[in-house]
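The structure follows.
When the chains are written out, they are named A, B and C in that same order, and each has its own residue count from 1.
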Amino acid sequence: MVGDGDLEQRLAALEQRVRDLEDHLEVQRMVNSWGPAVDTGDAEAAAALWTAEGVMDSDMSRLEGPVEIEAMVRGAGQQSLIKRGCAHVQGYPVIEVNGDRATAVGYSRVYLGTDDGHDVWRVSANRWELTRTPEGWRITRRTNRRIDGGEQARDVLHDALRSRAD
Amino acid sequence: MVGDGDLEQRLAALEQRVRDLEDHLEVQRMVNSWGPAVDTGDAEAAAALWTAEGVMDSDMSRLEGPVEIEAMVRGAGQQSLIKRGCAHVQGYPVIEVNGDRATAVGYSRVYLGTDDGHDVWRVSANRWELTRTPEGWRITRRTNRRIDGGEQARDVLHDALRSRAD
Amino acid sequence: MVGDGDLEQRLAALEQRVRDLEDHLEVQRMVNSWGPAVDTGDAEAAAALWTAEGVMDSDMSRLEGPVEIEAMVRGAGQQSLIKRGCAHVQGYPVIEVNGDRATAVGYSRVYLGTDDGHDVWRVSANRWELTRTPEGWRITRRTNRRIDGGEQARDVLHDALRSRAD
(Lines give C-alpha, C1' and ligand atoms only; values in the text may rest on other atoms or scores of the structure.)
Protein backbone atom coordinates (compact mmCIF):
# COMPACT_ATOMS: atom_id res chain seq x y z
CA MET A 1 0.00 0.00 0.00
CA VAL A 2 1.36 3.36 -1.04
CA GLY A 3 0.64 6.33 1.21
CA ASP A 4 -0.58 9.63 -0.20
CA GLY A 5 2.35 11.38 1.44
CA ASP A 6 4.81 9.27 -0.52
CA LEU A 7 2.97 9.93 -3.76
CA GLU A 8 2.88 13.64 -3.05
CA GLN A 9 6.62 13.74 -2.43
CA ARG A 10 7.39 11.84 -5.63
CA LEU A 11 5.03 14.08 -7.55
CA ALA A 12 6.63 17.24 -6.16
CA ALA A 13 10.10 15.95 -7.06
CA LEU A 14 8.92 15.16 -10.56
CA GLU A 15 7.32 18.59 -10.98
CA GLN A 16 10.68 20.18 -10.20
CA ARG A 17 12.51 17.95 -12.69
CA VAL A 18 9.97 18.77 -15.41
CA ARG A 19 10.34 22.46 -14.65
CA ASP A 20 14.12 22.10 -15.04
CA LEU A 21 13.64 20.48 -18.45
CA GLU A 22 11.21 23.20 -19.54
CA ASP A 23 13.66 25.86 -18.36
CA HIS A 24 16.44 24.23 -20.35
CA LEU A 25 14.40 24.31 -23.57
CA GLU A 26 13.19 27.84 -22.93
CA VAL A 27 16.73 29.11 -22.38
CA GLN A 28 17.69 27.45 -25.64
CA ARG A 29 14.77 29.15 -27.35
CA MET A 30 15.82 32.61 -26.17
CA VAL A 31 19.36 32.03 -27.44
CA ASN A 32 18.01 30.76 -30.77
CA SER A 33 15.69 33.74 -31.20
CA TRP A 34 18.56 36.22 -31.39
CA GLY A 35 19.56 35.20 -34.94
CA PRO A 36 16.09 35.45 -36.50
CA ALA A 37 15.61 38.86 -34.82
CA VAL A 38 18.85 40.47 -36.03
CA ASP A 39 18.87 38.75 -39.43
CA THR A 40 15.39 40.02 -40.24
CA GLY A 41 16.10 43.46 -38.81
CA ASP A 42 13.36 43.18 -36.19
CA ALA A 43 14.87 45.60 -33.67
CA GLU A 44 12.00 45.38 -31.19
CA ALA A 45 12.07 41.59 -31.15
CA ALA A 46 15.85 41.61 -30.66
CA ALA A 47 15.57 44.08 -27.77
CA ALA A 48 12.67 42.19 -26.17
CA LEU A 49 14.92 39.20 -25.49
CA TRP A 50 16.85 41.24 -22.90
CA THR A 51 16.16 42.65 -19.46
CA ALA A 52 16.19 46.44 -19.07
CA GLU A 53 19.76 46.18 -17.73
CA GLY A 54 20.90 43.66 -20.32
CA VAL A 55 24.46 44.03 -21.63
CA MET A 56 25.82 42.70 -24.91
CA ASP A 57 29.56 42.66 -24.49
CA SER A 58 31.34 41.79 -27.73
CA ASP A 59 34.86 42.41 -28.97
CA MET A 60 33.19 44.52 -31.67
CA SER A 61 30.95 46.67 -29.46
CA ARG A 62 29.33 47.04 -26.06
CA LEU A 63 25.58 47.61 -25.96
CA GLU A 64 23.72 48.47 -22.77
CA GLY A 65 19.97 48.03 -22.52
CA PRO A 66 17.23 47.51 -25.09
CA VAL A 67 17.58 51.02 -26.56
CA GLU A 68 21.18 50.46 -27.62
CA ILE A 69 20.35 46.99 -28.91
CA GLU A 70 17.52 48.38 -31.04
CA ALA A 71 19.83 51.10 -32.34
CA MET A 72 22.44 48.50 -33.32
CA VAL A 73 19.89 46.47 -35.31
CA ARG A 74 18.72 49.65 -37.11
CA GLY A 75 22.28 50.89 -37.64
CA ALA A 76 24.17 51.01 -40.90
CA GLY A 77 26.45 48.11 -40.02
CA GLN A 78 23.73 45.56 -39.34
CA GLN A 79 21.58 46.83 -42.21
CA SER A 80 24.40 46.29 -44.66
CA LEU A 81 24.84 42.71 -43.40
CA ILE A 82 21.11 42.10 -43.86
CA LYS A 83 21.22 43.38 -47.44
CA ARG A 84 24.08 41.05 -48.20
CA GLY A 85 22.27 38.12 -46.56
CA CYS A 86 23.45 37.26 -43.05
CA ALA A 87 22.79 34.31 -40.77
CA HIS A 88 23.68 34.44 -37.08
CA VAL A 89 23.56 30.74 -36.17
CA GLN A 90 24.06 29.51 -32.61
CA GLY A 91 25.47 26.09 -31.93
CA TYR A 92 23.65 24.10 -29.27
CA PRO A 93 25.27 25.38 -26.06
CA VAL A 94 26.03 23.77 -22.73
CA ILE A 95 23.18 25.00 -20.55
CA GLU A 96 23.09 25.30 -16.76
CA VAL A 97 19.90 26.27 -14.95
CA ASN A 98 20.16 27.17 -11.27
CA GLY A 99 16.83 28.33 -9.91
CA ASP A 100 16.08 31.68 -11.52
CA ARG A 101 19.47 32.03 -13.22
CA ALA A 102 20.85 30.24 -16.22
CA THR A 103 23.93 30.24 -18.43
CA ALA A 104 24.40 28.90 -21.94
CA VAL A 105 27.96 28.58 -23.25
CA GLY A 106 28.69 27.72 -26.84
CA TYR A 107 29.67 28.67 -30.38
CA SER A 108 28.09 31.06 -32.85
CA ARG A 109 28.76 31.66 -36.51
CA VAL A 110 27.88 34.51 -38.82
CA TYR A 111 27.57 33.48 -42.45
CA LEU A 112 27.45 36.15 -45.17
CA GLY A 113 26.09 35.75 -48.68
CA THR A 114 28.49 35.89 -51.63
CA ASP A 115 27.91 35.67 -55.38
CA ASP A 116 28.15 31.89 -55.41
CA GLY A 117 27.57 30.76 -51.83
CA HIS A 118 28.33 31.95 -48.32
CA ASP A 119 31.43 32.96 -46.39
CA VAL A 120 32.01 32.19 -42.72
CA TRP A 121 32.62 35.72 -41.55
CA ARG A 122 32.90 35.15 -37.84
CA VAL A 123 33.03 32.17 -35.45
CA SER A 124 32.75 33.18 -31.80
CA ALA A 125 32.62 31.89 -28.25
CA ASN A 126 29.56 32.97 -26.28
CA ARG A 127 28.42 32.98 -22.72
CA TRP A 128 24.75 33.90 -22.39
CA GLU A 129 23.44 34.74 -18.91
CA LEU A 130 19.71 34.74 -18.30
CA THR A 131 17.29 35.40 -15.50
CA ARG A 132 13.73 34.30 -14.91
CA THR A 133 11.35 37.28 -14.91
CA PRO A 134 7.57 37.43 -14.45
CA GLU A 135 7.38 37.47 -18.29
CA GLY A 136 9.68 34.48 -18.71
CA TRP A 137 13.43 34.02 -19.23
CA ARG A 138 15.34 37.09 -20.41
CA ILE A 139 18.98 37.66 -21.32
CA THR A 140 20.99 39.73 -18.83
CA ARG A 141 24.39 39.45 -20.51
CA ARG A 142 26.03 38.03 -23.57
CA THR A 143 29.80 37.83 -23.71
CA ASN A 144 30.94 37.27 -27.30
CA ARG A 145 34.55 36.87 -28.43
CA ARG A 146 35.80 35.96 -31.89
CA ILE A 147 37.77 32.69 -31.92
CA ASP A 148 40.98 34.15 -33.29
CA GLY A 149 43.62 32.19 -31.40
CA GLY A 150 43.60 34.65 -28.47
CA GLU A 151 42.92 33.94 -24.85
CA GLN A 152 39.65 35.85 -24.54
CA ALA A 153 37.55 33.42 -26.57
CA ARG A 154 39.05 30.47 -24.72
CA ASP A 155 38.15 32.08 -21.38
CA VAL A 156 34.51 32.32 -22.46
CA LEU A 157 34.37 28.82 -23.88
CA HIS A 158 36.02 27.26 -20.86
CA ASP A 159 32.98 28.17 -18.77
CA ALA A 160 31.16 25.33 -20.49
CA LEU A 161 33.51 23.03 -18.60
CA ARG A 162 33.88 24.84 -15.31
CA SER A 163 30.14 24.67 -14.82
CA ARG A 164 30.30 20.88 -14.94
CA ALA A 165 32.51 20.81 -11.86
CA ASP A 166 30.24 23.02 -9.76
CA MET B 1 -3.61 15.80 4.09
CA VAL B 2 -3.59 15.68 0.35
CA GLY B 3 -6.66 14.37 -1.43
CA ASP B 4 -6.41 11.89 -4.28
CA GLY B 5 -8.29 14.28 -6.51
CA ASP B 6 -5.61 16.92 -6.05
CA LEU B 7 -2.88 14.41 -6.79
CA GLU B 8 -4.71 13.23 -9.87
CA GLN B 9 -5.02 16.75 -11.21
CA ARG B 10 -1.36 17.51 -10.62
CA LEU B 11 -0.40 14.22 -12.24
CA ALA B 12 -2.56 14.90 -15.29
CA ALA B 13 -1.04 18.37 -15.68
CA LEU B 14 2.44 16.89 -15.44
CA GLU B 15 1.64 14.20 -17.98
CA GLN B 16 0.69 16.90 -20.46
CA ARG B 17 3.87 18.87 -19.81
CA VAL B 18 6.00 15.75 -20.29
CA ARG B 19 4.19 15.01 -23.52
CA ASP B 20 4.97 18.55 -24.72
CA LEU B 21 8.65 18.03 -23.97
CA GLU B 22 8.66 14.67 -25.76
CA ASP B 23 6.92 16.24 -28.74
CA HIS B 24 9.53 18.99 -28.86
CA LEU B 25 12.39 16.49 -28.99
CA GLU B 26 10.60 14.30 -31.51
CA VAL B 27 9.98 17.26 -33.84
CA GLN B 28 13.66 18.11 -33.55
CA ARG B 29 14.53 14.52 -34.39
CA MET B 30 12.44 14.57 -37.57
CA VAL B 31 14.10 17.79 -38.72
CA ASN B 32 17.55 16.36 -37.93
CA SER B 33 16.85 13.14 -39.82
CA TRP B 34 16.52 14.93 -43.16
CA GLY B 35 20.28 15.55 -43.54
CA PRO B 36 21.40 11.97 -42.86
CA ALA B 37 18.72 10.70 -45.28
CA VAL B 38 19.64 12.91 -48.26
CA ASP B 39 23.40 12.89 -47.60
CA THR B 40 23.50 9.08 -47.62
CA GLY B 41 21.15 8.86 -50.60
CA ASP B 42 18.54 6.90 -48.67
CA ALA B 43 15.53 7.97 -50.74
CA GLU B 44 13.01 5.85 -48.83
CA ALA B 45 14.14 7.18 -45.46
CA ALA B 46 13.97 10.75 -46.77
CA ALA B 47 10.45 10.20 -48.13
CA ALA B 48 9.29 8.44 -44.96
CA LEU B 49 9.73 11.64 -42.95
CA TRP B 50 6.80 13.21 -44.83
CA THR B 51 3.06 12.74 -44.96
CA ALA B 52 1.53 11.58 -48.24
CA GLU B 53 0.61 15.22 -49.00
CA GLY B 54 3.94 16.64 -47.85
CA VAL B 55 5.35 19.55 -49.85
CA MET B 56 8.96 20.66 -50.00
CA ASP B 57 8.87 24.21 -51.26
CA SER B 58 12.35 25.55 -51.98
CA ASP B 59 13.61 28.37 -54.17
CA MET B 60 15.39 25.62 -56.11
CA SER B 61 12.47 23.24 -56.62
CA ARG B 62 9.03 22.23 -55.48
CA LEU B 63 8.45 18.60 -54.55
CA GLU B 64 5.02 17.16 -53.81
CA GLY B 65 4.63 13.90 -51.94
CA PRO B 66 7.00 11.07 -51.12
CA VAL B 67 7.35 9.94 -54.74
CA GLU B 68 8.81 13.27 -55.87
CA ILE B 69 11.04 13.43 -52.80
CA GLU B 70 12.39 9.96 -53.52
CA ALA B 71 12.99 10.95 -57.13
CA MET B 72 14.92 14.04 -56.04
CA VAL B 73 17.22 11.99 -53.80
CA ARG B 74 17.86 9.52 -56.65
CA GLY B 75 18.26 12.29 -59.22
CA ALA B 76 21.49 13.41 -60.88
CA GLY B 77 21.71 16.65 -58.91
CA GLN B 78 21.64 15.10 -55.46
CA GLN B 79 23.79 12.15 -56.52
CA SER B 80 26.50 14.51 -57.71
CA LEU B 81 26.43 16.35 -54.37
CA ILE B 82 26.75 13.02 -52.54
CA LYS B 83 29.77 12.03 -54.64
CA ARG B 84 31.45 15.32 -53.83
CA GLY B 85 30.61 14.93 -50.11
CA CYS B 86 27.65 16.95 -48.90
CA ALA B 87 26.33 17.74 -45.44
CA HIS B 88 22.85 19.20 -44.94
CA VAL B 89 23.11 20.49 -41.38
CA GLN B 90 20.16 22.02 -39.55
CA GLY B 91 20.65 24.60 -36.86
CA TYR B 92 18.60 24.07 -33.72
CA PRO B 93 15.29 25.72 -34.63
CA VAL B 94 12.69 27.59 -32.64
CA ILE B 95 10.01 24.93 -32.10
CA GLU B 96 6.31 25.45 -31.38
CA VAL B 97 4.05 22.52 -30.58
CA ASN B 98 0.30 23.13 -30.55
CA GLY B 99 -1.61 19.90 -30.00
CA ASP B 100 -1.15 17.79 -33.12
CA ARG B 101 0.63 20.50 -35.12
CA ALA B 102 4.13 21.83 -34.80
CA THR B 103 6.46 24.26 -36.52
CA ALA B 104 10.23 24.51 -36.40
CA VAL B 105 11.85 27.65 -37.79
CA GLY B 106 15.59 27.97 -38.20
CA TYR B 107 18.72 27.89 -40.32
CA SER B 108 20.21 25.19 -42.49
CA ARG B 109 23.55 24.92 -44.21
CA VAL B 110 24.80 22.74 -47.01
CA TYR B 111 28.55 22.13 -46.92
CA LEU B 112 30.31 20.63 -49.94
CA GLY B 113 33.66 18.86 -49.98
CA THR B 114 36.61 20.48 -51.77
CA ASP B 115 40.18 19.32 -52.30
CA ASP B 116 41.38 20.79 -49.03
CA GLY B 117 38.29 21.31 -46.88
CA HIS B 118 34.65 22.26 -47.32
CA ASP B 119 32.76 25.15 -48.88
CA VAL B 120 29.55 26.61 -47.50
CA TRP B 121 27.42 26.22 -50.57
CA ARG B 122 24.10 27.35 -49.22
CA VAL B 123 22.74 28.90 -46.01
CA SER B 124 18.94 28.99 -45.85
CA ALA B 125 15.96 29.94 -43.75
CA ASN B 126 13.50 27.11 -43.06
CA ARG B 127 10.03 26.69 -41.74
CA TRP B 128 9.17 23.06 -41.10
CA GLU B 129 5.51 22.22 -40.47
CA LEU B 130 4.64 18.88 -38.92
CA THR B 131 1.59 16.94 -37.89
CA ARG B 132 1.08 14.12 -35.42
CA THR B 133 0.00 10.93 -37.20
CA PRO B 134 -0.78 7.48 -35.81
CA GLU B 135 2.83 6.57 -36.75
CA GLY B 136 4.31 9.63 -35.06
CA TRP B 137 5.24 13.15 -36.17
CA ARG B 138 5.59 13.66 -39.92
CA ILE B 139 6.57 16.68 -42.02
CA THR B 140 3.73 18.30 -43.99
CA ARG B 141 5.66 21.22 -45.44
CA ARG B 142 9.13 22.66 -45.56
CA THR B 143 9.63 26.17 -46.85
CA ASN B 144 13.28 26.77 -47.67
CA ARG B 145 14.78 30.03 -48.96
CA ARG B 146 18.42 30.86 -49.50
CA ILE B 147 19.59 33.76 -47.33
CA ASP B 148 20.71 35.98 -50.17
CA GLY B 149 19.72 39.42 -48.91
CA GLY B 150 16.20 39.12 -50.37
CA GLU B 151 12.91 39.40 -48.56
CA GLN B 152 11.79 35.78 -48.96
CA ALA B 153 14.28 34.30 -46.54
CA ARG B 154 13.54 37.01 -43.99
CA ASP B 155 9.82 36.24 -44.24
CA VAL B 156 10.47 32.60 -43.36
CA LEU B 157 12.87 33.38 -40.54
CA HIS B 158 10.61 35.97 -39.00
CA ASP B 159 8.10 33.25 -38.14
CA ALA B 160 10.47 32.19 -35.37
CA LEU B 161 9.55 35.49 -33.70
CA ARG B 162 5.88 35.78 -34.59
CA SER B 163 5.24 32.45 -32.96
CA ARG B 164 6.47 33.84 -29.66
CA ALA B 165 3.71 36.43 -29.58
CA ASP B 166 0.92 33.93 -30.19
CA MET C 1 -12.61 7.89 -7.35
CA VAL C 2 -9.03 7.24 -8.27
CA GLY C 3 -7.18 4.46 -6.52
CA ASP C 4 -3.69 4.96 -5.12
CA GLY C 5 -2.48 2.01 -7.16
CA ASP C 6 -3.54 3.71 -10.38
CA LEU C 7 -1.84 6.93 -9.36
CA GLU C 8 1.32 5.08 -8.41
CA GLN C 9 1.48 3.35 -11.78
CA ARG C 10 0.99 6.61 -13.68
CA LEU C 11 3.59 8.28 -11.52
CA ALA C 12 6.11 5.50 -12.10
CA ALA C 13 5.53 5.67 -15.86
CA LEU C 14 6.02 9.41 -15.80
CA GLU C 15 9.21 9.12 -13.74
CA GLN C 16 10.65 6.87 -16.44
CA ARG C 17 9.68 9.28 -19.22
CA VAL C 18 11.25 12.19 -17.36
CA ARG C 19 14.41 10.19 -16.85
CA ASP C 20 14.51 9.49 -20.60
CA LEU C 21 14.24 13.22 -21.33
CA GLU C 22 16.98 14.02 -18.80
CA ASP C 23 19.19 11.31 -20.32
CA HIS C 24 18.66 12.79 -23.78
CA LEU C 25 19.77 16.26 -22.66
CA GLU C 26 22.70 14.87 -20.68
CA VAL C 27 23.94 12.87 -23.69
CA GLN C 28 23.70 16.05 -25.73
CA ARG C 29 25.68 17.90 -23.08
CA MET C 30 28.50 15.37 -23.15
CA VAL C 31 28.73 15.61 -26.94
CA ASN C 32 28.69 19.41 -26.75
CA SER C 33 31.42 19.50 -24.11
CA TRP C 34 34.02 17.98 -26.43
CA GLY C 35 34.48 21.17 -28.47
CA PRO C 36 35.02 23.53 -25.53
CA ALA C 37 37.50 21.04 -24.02
CA VAL C 38 39.70 20.59 -27.09
CA ASP C 39 39.38 24.21 -28.30
CA THR C 40 40.58 25.58 -24.97
CA GLY C 41 43.29 22.92 -24.65
CA ASP C 42 41.85 21.51 -21.43
CA ALA C 43 43.26 18.00 -21.79
CA GLU C 44 41.92 16.73 -18.47
CA ALA C 45 38.39 17.94 -19.21
CA ALA C 46 38.52 16.34 -22.67
CA ALA C 47 39.70 13.03 -21.22
CA ALA C 48 37.14 13.11 -18.39
CA LEU C 49 34.29 12.83 -20.90
CA TRP C 50 35.34 9.25 -21.69
CA THR C 51 35.33 5.92 -19.91
CA ALA C 52 38.68 4.29 -19.14
CA GLU C 53 38.21 2.10 -22.23
CA GLY C 54 36.96 4.92 -24.45
CA VAL C 55 38.07 4.87 -28.08
CA MET C 56 38.16 7.82 -30.45
CA ASP C 57 38.26 6.31 -33.90
CA SER C 58 38.81 8.95 -36.58
CA ASP C 59 40.11 8.76 -40.15
CA MET C 60 42.95 10.98 -38.85
CA SER C 61 43.92 8.98 -35.76
CA ARG C 62 42.88 6.34 -33.27
CA LEU C 63 43.08 7.19 -29.60
CA GLU C 64 42.53 4.62 -26.86
CA GLY C 65 41.73 5.70 -23.33
CA PRO C 66 42.01 8.99 -21.46
CA VAL C 67 45.82 9.03 -21.52
CA GLU C 68 45.97 9.07 -25.32
CA ILE C 69 43.18 11.63 -25.50
CA GLU C 70 45.05 13.91 -23.10
CA ALA C 71 48.21 13.48 -25.13
CA MET C 72 46.38 14.42 -28.33
CA VAL C 73 45.06 17.64 -26.79
CA ARG C 74 48.56 18.55 -25.56
CA GLY C 75 50.21 17.51 -28.84
CA ALA C 76 51.69 19.82 -31.46
CA GLY C 77 48.84 19.31 -33.94
CA GLN C 78 46.02 20.38 -31.64
CA GLN C 79 48.12 23.18 -30.09
CA SER C 80 48.74 24.67 -33.50
CA LEU C 81 44.99 24.60 -34.26
CA ILE C 82 44.30 26.34 -30.94
CA LYS C 83 46.83 29.08 -31.71
CA ARG C 84 45.20 29.68 -35.06
CA GLY C 85 41.73 29.74 -33.47
CA CYS C 86 39.72 26.55 -33.84
CA ALA C 87 36.09 25.69 -33.17
CA HIS C 88 34.90 22.07 -33.05
CA VAL C 89 31.15 22.54 -33.39
CA GLN C 90 28.71 19.63 -33.17
CA GLY C 91 25.41 19.72 -34.98
CA TYR C 92 22.42 18.59 -32.94
CA PRO C 93 22.53 14.80 -33.41
CA VAL C 94 19.87 12.13 -33.59
CA ILE C 95 19.96 10.65 -30.09
CA GLU C 96 18.82 7.19 -28.97
CA VAL C 97 18.78 6.23 -25.31
CA ASN C 98 18.26 2.57 -24.46
CA GLY C 99 18.57 2.00 -20.73
CA ASP C 100 22.22 2.54 -19.80
CA ARG C 101 23.43 2.90 -23.38
CA ALA C 102 23.01 5.76 -25.81
CA THR C 103 24.06 6.78 -29.29
CA ALA C 104 24.18 10.21 -30.89
CA VAL C 105 24.66 10.41 -34.66
CA GLY C 106 25.26 13.68 -36.43
CA TYR C 107 27.54 16.21 -38.08
CA SER C 108 30.53 18.09 -36.78
CA ARG C 109 32.51 20.96 -38.24
CA VAL C 110 35.93 22.33 -37.47
CA TYR C 111 36.32 26.01 -38.30
CA LEU C 112 39.79 27.58 -38.38
CA GLY C 113 40.62 31.26 -38.07
CA THR C 114 42.04 33.12 -41.07
CA ASP C 115 43.21 36.71 -41.49
CA ASP C 116 39.76 37.92 -42.44
CA GLY C 117 37.30 35.28 -41.17
CA HIS C 118 37.16 31.53 -40.80
CA ASP C 119 37.60 28.53 -43.07
CA VAL C 120 35.60 25.32 -42.82
CA TRP C 121 38.46 22.91 -42.46
CA ARG C 122 36.57 19.70 -41.88
CA VAL C 123 32.93 18.54 -41.93
CA SER C 124 32.46 15.02 -40.56
CA ALA C 125 29.94 12.34 -39.75
CA ASN C 126 29.96 11.15 -36.14
CA ARG C 127 28.56 8.32 -34.13
CA TRP C 128 29.00 8.84 -30.41
CA GLU C 129 28.37 5.85 -28.13
CA LEU C 130 27.84 6.46 -24.42
CA THR C 131 27.23 4.48 -21.30
CA ARG C 132 25.72 5.40 -17.96
CA THR C 133 28.29 5.13 -15.16
CA PRO C 134 27.96 5.82 -11.43
CA GLU C 135 29.41 9.30 -12.21
CA GLY C 136 26.98 9.95 -15.07
CA TRP C 137 27.05 9.44 -18.85
CA ARG C 138 30.47 8.90 -20.38
CA ILE C 139 31.63 8.39 -23.98
CA THR C 140 32.75 4.88 -24.86
CA ARG C 141 33.40 5.41 -28.56
CA ARG C 142 33.35 8.13 -31.17
CA THR C 143 33.52 7.17 -34.80
CA ASN C 144 34.42 10.20 -36.92
CA ARG C 145 34.76 10.26 -40.71
CA ARG C 146 35.32 13.25 -42.97
CA ILE C 147 32.46 13.77 -45.43
CA ASP C 148 34.57 13.53 -48.56
CA GLY C 149 32.26 11.68 -50.92
CA GLY C 150 33.45 8.28 -49.72
CA GLU C 151 31.38 5.49 -48.28
CA GLN C 152 32.79 5.57 -44.74
CA ALA C 153 31.13 8.82 -43.72
CA ARG C 154 27.82 7.68 -45.21
CA ASP C 155 28.00 4.45 -43.20
CA VAL C 156 28.34 6.44 -39.98
CA LEU C 157 25.62 8.92 -40.86
CA HIS C 158 23.20 6.25 -41.93
CA ASP C 159 23.00 5.00 -38.35
CA ALA C 160 20.88 8.05 -37.59
CA LEU C 161 18.21 6.40 -39.76
CA ARG C 162 18.68 2.76 -38.91
CA SER C 163 18.09 3.53 -35.26
CA ARG C 164 14.62 4.87 -36.12
CA ALA C 165 13.54 1.47 -37.41
CA ASP C 166 14.62 -0.44 -34.31
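The rule is short, and it goes like this: a residue touches a chain if its C-beta (ideal position, glycine included) is under 8 Å from a C-beta of that chain, and two chains touch if they have at least 3 such contacts.
Because the structure is a prediction, the values reported are computed rather than measured.
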Copy-to-copy rotation for subunit B and subunit C - C-alpha atoms, rounded to a multiple of 5°: 120
Interface numbering overlap (same over half, different under half) for subunit A and subunit B: different
Where subunit A and subunit B are represented by their mean Cα positions, the distance between them in whole Å: 22
Sequence positions of subunit A contacting 2 or more other chains: 4, 7, 11, 14, 18, 21, 92, 119-120
Residues of subunit C that touch subunit B when the two form their complex: 1-4, 7, 10-11, 14, 17-18, 21, 24, 91-95, 105-107, 109, 119-123, 125, 146-150, 153-154, 157-158, 160-161, 164
Touching residues (chain side subunit C, partner subunit A) in the complex: 4-5, 7-8, 11, 14-15, 18, 21-22, 25, 28-29, 32-33, 35-37, 39-42, 45, 82-87, 89-90, 92, 111, 113, 117-120
